[in-house]
Each structure stands twice: as structure tokens, then as C-alpha cells.
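First chain A sits with chain B, and in the next complex the same chain sits with chain C.
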Partner chain A sequence: MPSPVRLTLPVVAVFASVTAAAQDPRIDRVPAESRAAVVALIDSARGAGLPVEPLMQRALEGTTKHASGERIVAAVRHLAGDLGRARDALGAPASPAELNAGAMALRAGASSETLAELRRARRDALIVPLAVLTDLMASGVPADSAAAAVLALAATTRDADLVAFRQAVERDIALGAAPGPAAAAAASSFSAAPQASGAHGQQGAQPRKP
Partner chain B sequence: MTGGTRARAAALALGSSLLGGPGYAQTSGTIGVGVSTVHYDGFLPSAALSVAPGVDWERPSGGVSARGTYLRFETGHESVQGAVTARLATAPVVTGRRAELAVSTGASHYLDFTAFWHAVARARLELLDLEHGAWIGVTAGTTSHGGVPRPVSALTAGAWWRSPGLTLRLSGNGSRIGDTTYTDLQSSVHADQGSVALDAAVGARLSNGASGSEAYGEASAAISLGERTALVVGGGRYPTDPVSGSLAASYLTIALGFRLGTPRRVVYRAPAPQSPSVEPSGVRLEVHPEPSGSVRLVVDAPEATRVELAGDFTDWEPVPLVRVGRTWEASLQIAPGVHRANVRIDGGVWIVPVGVTRSIDDYGSEVGIFAVP
Partner chain C sequence: MFEDRPDIVERVVSYLKRPVRIDAALDRRVMEEIASVAPPRARGLLTAWLTGRRIAVSPLGALAAAAGLAAIVVVAYRGALSERAGAGATGEGVARQYSFVVRAPQATRVSLVGDFNDWDAARTPMRRVGAESAVWTTAVPLAPGRYRYAFLADGSRWLADPAAPLARDEEFGPPSSVVTVGGS
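Now for the complex of A and B:
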């Protein structure tokens, strides 16, 4: 027969976790028919050590876009899965912002292996490399070429230069280059010319009107 | 006569796609099938059916492309044209100089009496910046009409400027083919607005020949019908190309273009896939991190009377932007990271503005993605 302590602890834990999400006043905006499921998913994610703010935001996004409750729950569940995969790839120390960026990269087509390699290659925060990786794939660069380009730069290239790198790829594509070779060419150029980093960094950090 | 190349060009103006293959080489293929009405100089107008395949293989250091056009006219006469171009480039640069050498050979055939072939080499030096650039180049080679070769030489110079979704080119070139010399001055613009890509060009040819000087211009729109299919409509007038044997003509064309083997993407830089929430509004969003730590969001929508923005940094509550001249702005505290947002104009649907990455949003629509470093 289980002891009273063994019974009490799970009950307390469940009660505490349920109230954590349920007490967030923003949850009241979510359609009533999906609220309980969203709260459960958020609390489950919290229990697994995943960031929960992106999940809340995904639910609120669906609410603002008048999505059905069923669709909102599916979206939150899908994102929770992506965050879990991102955490597995990037490791437990990954920040919530990194996990969110990693989830977007995975959704765009990056592999878990790429995220893991990126973590090994770069000590700094991975938010911008992951965003650039996502942008490259969005521009039509094949996932493996995008990964190779970002990995080639990740270890030594500053965030601002990575943004400039992405701008260079976008420019070459706009001028008619195929996306894959354009990414490879720009990566090669940045690898070969680290002295250019200052100039590019300034431009990347401060986008200006054309 | 081997005209109709603009009908082919319009059909091919569909962007590149993948046949697959890992690494840095990229192979793309397109095929366009269309109908045109063409009025060649010296001929009566005629309808024509066109089939235009194209294949490109590119690497960072160069590539090879092959283009073909088959035309069948009302009379049953046929025209066939093809060309292969190979390019070699110096080490790529982000900004600075880049040199390129290209060789091109091609041939065309119409009935039994008009056949061209050409072989030319082109050297080009480019000065590149991220948003503008310029080039100079020389071309030399030979072209033949009916077995009589004529030397080809040309000097060209130009400049380009681009912003997200818009590329503008200005160019001039002086050409000498045999004893004919002429100068072309041309400007062109390419714009991606939502699922529509627009191309337009105007130019003038100053010639020493009997044809004198003439102006020309063309415009086309490629409307995405899906990830691999586009409807292309175009028209205008183009000048004779004495190198390839293309005869000056006016034309209207409508074509379906197909990309081959494009992998499915759920995020897009531009243009957008079909979506009920996306309209070719031309609304642009710029994200400016401020030294103070806040982020200034600028929406370029001069015709709007109300602009709102919602994102994961506003709890998806619509935030009204304030008009500042022709733009609408808001300064918000946005944490570093990758963020999602949409813009709403005059209370309409939530759209993804130009300037951010598009992604399918789980809700049957699309969302914009941008990063704050």
C-alpha cells in the first residue's frame, strides 16, 4: 500500500503545474473549448523543461487569427514537439530564445544533426546563426547547403557579419544566382575575408532604407 | 527568321528550381509552354505555339546553362533555336571586384532559308556592394547567317541597385557585327510582390544602319499558381539581335511555366506561396534595433489610413502604429531572438509584409519571421 507521502507529492505537483498556466491571465483569451488542452500542453512542456512562452504565444496567435480551438491545440502541440527536438539537439543549456529559433529552423527543414553541429561549432548564442539558417532555406538554398554554409561561418563569424552574409546571398539570388551556389560563394568569401567583418557588421546591424 | 525569343524568355522567367543533389552545385530546370501573337518586322502578325525548356547547372565558380525554343506558327512553319553558355568566375566576393568569363554558342533555324549560328566569349568585371553594383565587359566572337561569318565585338557597362523585392538595372552597350554598329541603352526593373513577379524594360537603339534609331519596351508578370507552376503574361517590343538572329517583333504572350523537382518549402524569403491572407500589397516592414535597446518597426504603407502590427512581442494584441511622414512606426521592447509578426492595413486581413521571411503559420495562413540580434 503506498504511503500518504507518495500519494500526496504527485497530487501537489499536478495541482501546482495546472495552476501555473491556468493563472496566466492571457489564457482567458484562448477559445474556451481549447483552453484546458493548451494549459495541459504548456504545463507538460514546463515539466519537461521546455520554454513555455512560445507555446503561449502560438496559442495567442491562433486566437488573434480566429483559428478554431482544435487548430490552436494542434499548433501548440506541434511547436512543443519542435521545441523538444531543438532541445535534444542543442542541449539542455540552450536558452529559451535559442530553442525557439531552433524550432523554427527545424520547421524550415534543418536537421537535428545540423543544430547539434552548430552547438558544437559555436560558443556564442545561436539565435542569429539559426535565424540565418532559416532565412537561407527560405530563400531556396537546399538544407544541406545552407547548413554547410552556416556551419562554415559559425565558429568565427560575429552575428552582424552573419546577417551581412545572409544579405549577400539574398543579393546574389536577386541578381540571378542559384540559391545553393550563392550561399556557398558568400560563405567562401566571408571565410576568406575576415578583415571585411567590420564594414559588414555595421551594415548588418543597422539596416537602412534603400 | 528566328524570333519569338521574348515569348520564350517570359516563359523561362520563373526562377530556378532544384532537381536535387547535395553540395554546392545546383541544377535547375524549367519548361514553358505558351501561345503568342507575334508581329515580326516585315511579316504579317501570326499566332504561335511555343515550347521553351531550360536547364542550368551552377556552382559558386561558374556554371552551364542550356536554353531552347521551339515555335510553330499559324502557317505550320517552325522555328528552332538553342544556345549553351558556360561561365567561369573568380573567387566570389561579398563586396569588391569579381571577374567572369563566359562562352556561348548557339544556332537557330527557320524554314530552309534562314539559319544562324554564333560563338562568342564575354569577359566581365563587376564591382559589388550589397545593395548596388556596376560592371564593365567586352564581348568578341563570330556569328554566321547562311554560312557567311561576321565578327562580333561589343563593349558594355551597367549598374544595378536593389532593395528587398526590387532590382533596378541600367546598362549601355556598343556593338559591332560585321559592318553594322549600334548602341543600346536600357533600363529594367524586377519586382517581387507577394505571389507576383513583375519585369519591365525600356530601351533605345541608336544604329548606323538603314533601320536608324528605335525605342523598345517589354513587360511581363509571373503569377505563382503553386510551388512549381506559374502563369506568365507578357508583351511589348524587342529589337533585332544580330548575334543570335532574333528578328525585331512586337508580341503578346501567355504561358504556363513549370519548375522541375522543387522541394517543398514551408518558409519563403520571397515570393510567397498561395495563401488567402497574402496579397501583393507591397507593404514593407523594416526592423531597426536601436542603441537604447528598443526596436523600431517601420511599415512603408503611404496609402494606409490605419496600420496595426501584432506579434509574439505584443502577445498578439494588435498595436497601432503612428504615422511618420510616408511611413508608420512603433518602438517596442523586443527581446533578442527570432520573432513572428503580421501587419494589418485599414482593418483588413493579417498580411506578411515584404522584408521579412514568410512561413506557413499553422492556421491556414502565413506569418512573417524576423530576428532581433
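Now for the complex of A and C:
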């Protein structure tokens, strides 16, 4: 095959990849004044091997909330940075969903070291432990206490039990307990409870409330 | 024209069949001419790209090239779809139905928006539990992950879910709610 043809195929592939964000019809919903900047950020993230769907979702969320174009661009840029930090902490094999959950945890106040420790402690996916960590901190549990509680449970606790753990902490806080001690007490309770009891497990295929 | 003069035809044929003497140095001169022509690489890159050329491709080769191109497109499209379907948003794995309920007495219409439906108010309209009820509900499939969502009343009023953890949003203002779906 002549060399120009051999050169053309990779060029076409790269061009198709680079223009993927521009071709995503959802981008048309984003305010016109910020569209080009959002596309550039998404393309840049894709080039860096970061997941781009969370960036698109952030832009769409800002659009639905009637945020200004400037705020949308700043938020997307901020999230792209957090995704990069999450990947540094969780390692390159982390899934896109793990990176997104890691970015949320970092933003809520978790340290990169906590994310790396979670990765070492748990063989299963880290999405739910990271989400629980984020929610605990959002509930007022200090970052250190939240990290200690989640790390204590992460190695052996199923996702459903981690969610139940978070609900128990939130309930105790709503009843007046201090957030830090509430997390520690619930972690002790859950780590002592048999995991196969099903007491906090999945409830089948019935529709459930969050 | 000469159909009635076969002798003329035969003479022409014999003339054309006569032996031709070729210069013994012809081969050398031809090769020298070829060697004197500059190779294509000597031309500029731009000229090379702009110069039209014919490519001979067998039908089988053309089919193979078309199949390869189609494969690239399909793989790229499926990759984009898989990311949109969950892996790149906030969840991955088997989806389960989750129900969402909100009380909105003043609303005439309510939508569920979140990072599972592109924050699009048209995608997941909620329905009243009863004709006169102030309670609205809907259910969506969610794969394991952490999702942010909210309710949008009458297309503009932002409602967080009082029954779910709040996700503050210092960048956009109105807080959202969070649902975490376990996978194991």
C-alpha cells in the first residue's frame, strides 16, 4: 500500500477520536459561550486517559442549573483536575467509575493517601467504599474518622453493608450523636457483625429508595 | 478497401514482419535514462500529498479495507456507548430498579434529573401517586455507583431529596442529593 494511504488511516482515527466530544449531541445543550472550552477540556482529558463522561455530566448539570458559562467551564476544569489526582492515588488500572468516586472523595476532603490505602485494602471495586467515605464526610464526620472507619470495613465488608453502615451513621447523627464517635461506633458494630446474615444486605429486585 | 487485392495485404503484412535492427547500446541508454529520473522521495512532502495517484486494489483487498474501517468505527462507537452507559458516569455492573419519591404539593409537573439521565428534565418525568396527590414517583435502573440527582418542579424549581444525603454544590449553587448503589 502506498505510504500516503498508510499514513491516512491513523490520521483519520486520531481525528475521529479528537472530534468525538464535538460530535456528542449533548454538547449542544451547554451554553454556546462555554461550549468550545468544555469540548477542549473533555478532549484534553480523553487524551490524558481520564474518563470524560463525568465531565460531560458536570457540564450538563451546570446547564440544567442555569449556571453561567464561566462557572461551567471552571467546574469542568476543577473536576478534570480531581480525576487526575484520583488516578494518581488509585493507580492506572482504576475504572472510570472508581476514578469518579475517588474524585468526589478527594473533593469532600479525603487524602490521596486514604485512597491509596483503600486500593491496597480491598480487592473488589472501590466505588461504594469511596462513595460511603464521601457521604460520611458530607455528613460532618471528620476526614480522619471517616477514613479510619471505612478502611476498617473495606477489606471484608460487602457494598450493601457499607451502604447500611453509612445509613446507620446518618441515623445516629440525626438522633444527636457526634459525627466522629457515631462513625467509630457504627464501624465497630458492623465489623463485629457476621457479614452473611443478610441483615443489611440487598433486598432483591424490588425498587428501593436511596 | 483492399479486400479485392489480397496481394497488397500480404505485402503489407510481410513488410511489418520484417526483422528490425536494434542498436546494441539501447539497453544501456534506457537504464541511464531511468537512473537520471529523481526518485519520488526527493519531492516535497506537501507535493507528495497533493499529487493525485491511482491505487490498484483487488476486490478482496477493497473488501478487507472496508471491513477494517467498519471495525474501527464499531469499536469506537461501542467504547463511547459503554462509557456513557455507566462505566464512565458513576456506575458499572448490573443495574437494579431504584424508586424515587418526592412530595411537591404546588407542582404541576416534576422531573427527576441526575447524572444517570444527562440532567435532562425531559428524560424522566415523574407521575403522581394519586390523581389529587402531592406525592410524585418514578423508578430508574441504576448500576452500582454513586449518583447525584435532584427533582425539578415545573421545570425550574430545584428540590433536593429530603430522604437522601445532600451533596453540596459550591460551584453551581443548588444542592443535589446522593444515592449510592451497592454492587456486592
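Note that in this section the second predicted complex is superposed on the first by the 180 of 210 C-alpha atoms of A that agree within 3 Å, B and C clash if a C-alpha of one lies under 4 Å from a C-alpha of the other, contacts with A are read in each partner's own complex, and residues count from 1 in each chain.
By our rule, a contact is a pair of C-beta atoms (placed from the backbone, for glycine too) under 8 Å apart; a residue touches a chain by one contact, two chains touch by 3 or more.
Worth saying up front: this structure is predicted, and the values here are computed from it rather than measured.
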Practice task
Look at A:M137 in the shared chain and tell me whether it touches chain B only, chain C only, both, or neither; answer first, second, both or neither.
Solution key: first
Problem - Broader residue contact with chain A after superposition on the shared chain, chain B or chain C - result: B
Handout entry: Contacts of A:M104 with chain B and chain C, given as first, second, both or neither
Key = both
Practice task
Could you look at A:R171 and tell me whether it touches chain B, chain C, both or neither (first, second, both, neither)?
Solution key: first
Practice task
Figure out whether A:D124 sits in contact with chain B (first) or chain C (second), or with both, or with neither.
Solution key: second
Exercise for the section: Once the structures are superposed on A, label A:A92 by its partner contacts, choosing first (chain B), second (chain C), both or neither. Expected result: neither
Practice task
State whether A:V52 touches chain B only (first), chain C only (second), both chains, or neither.
Solution key: second
Practice task
Would you check which partner chain A:T64 touches, where first means chain B only, second means chain C only, and both and neither mean what they say?
Solution key: both
Exercise for the section: Pick one for A:F190: touches chain B only (first), chain C only (second), both, or neither. Expected result: first
Fill in the blank from the handout: Note: overlapping chain A surface for chain B and chain C spans 26, 54, 57, 60-65, 67, 71, 74-75, 78, 97, 100-101, 104, 125, 127-128, 130-132, 134-135, 138-139, 159-160, 163, 170, 205-207, 209-210
Exercise for the section: Flag every residue of chain A that touches chain C in the complex, lowest number first. Expected result: 1-2, 4-5, 9, 13, 16-17, 20, 26, 29, 51-54, 56-57, 60-65, 67, 71, 74-75, 78, 95-97, 100-101, 104, 124-125, 127-128, 130-132, 134-135, 138-139, 158-163, 166, 170, 202, 205-210
Problem - Residues of chain A touching chain B in the complex - result: 26, 54, 57-58, 60-65, 67, 71-72, 74-75, 78-79, 97, 100-101, 104, 107-109, 125, 127-128, 130-132, 134-135, 137-140, 142, 144-145, 148, 159-160, 163-165, 167-168, 170-171, 173-175, 177-182, 184-186, 188-190, 192-193, 196, 199-200, 203, 205-207, 209-210
Fill in the blank from the handout: Touching chain A in the complex, chain B uses residues 16, 18, 22-26, 28, 56, 58-60, 63, 91-95, 128, 130-131, 160-164, 166-167, 190, 263, 265-269, 286-289, 310, 312, 315-318, 335-338, 340, 342, 350, 357-359, 361-365, 367, 369-371, 373
Exercise for the section: Please name which positions on chain C make contact with chain A in the complex. Expected result: 48-49, 53, 55, 69, 72-73, 76, 80, 83-84, 86-93, 96-101, 113, 115, 118-121, 139, 144-146, 148, 152, 158, 161, 163-169, 171-174, 176-184
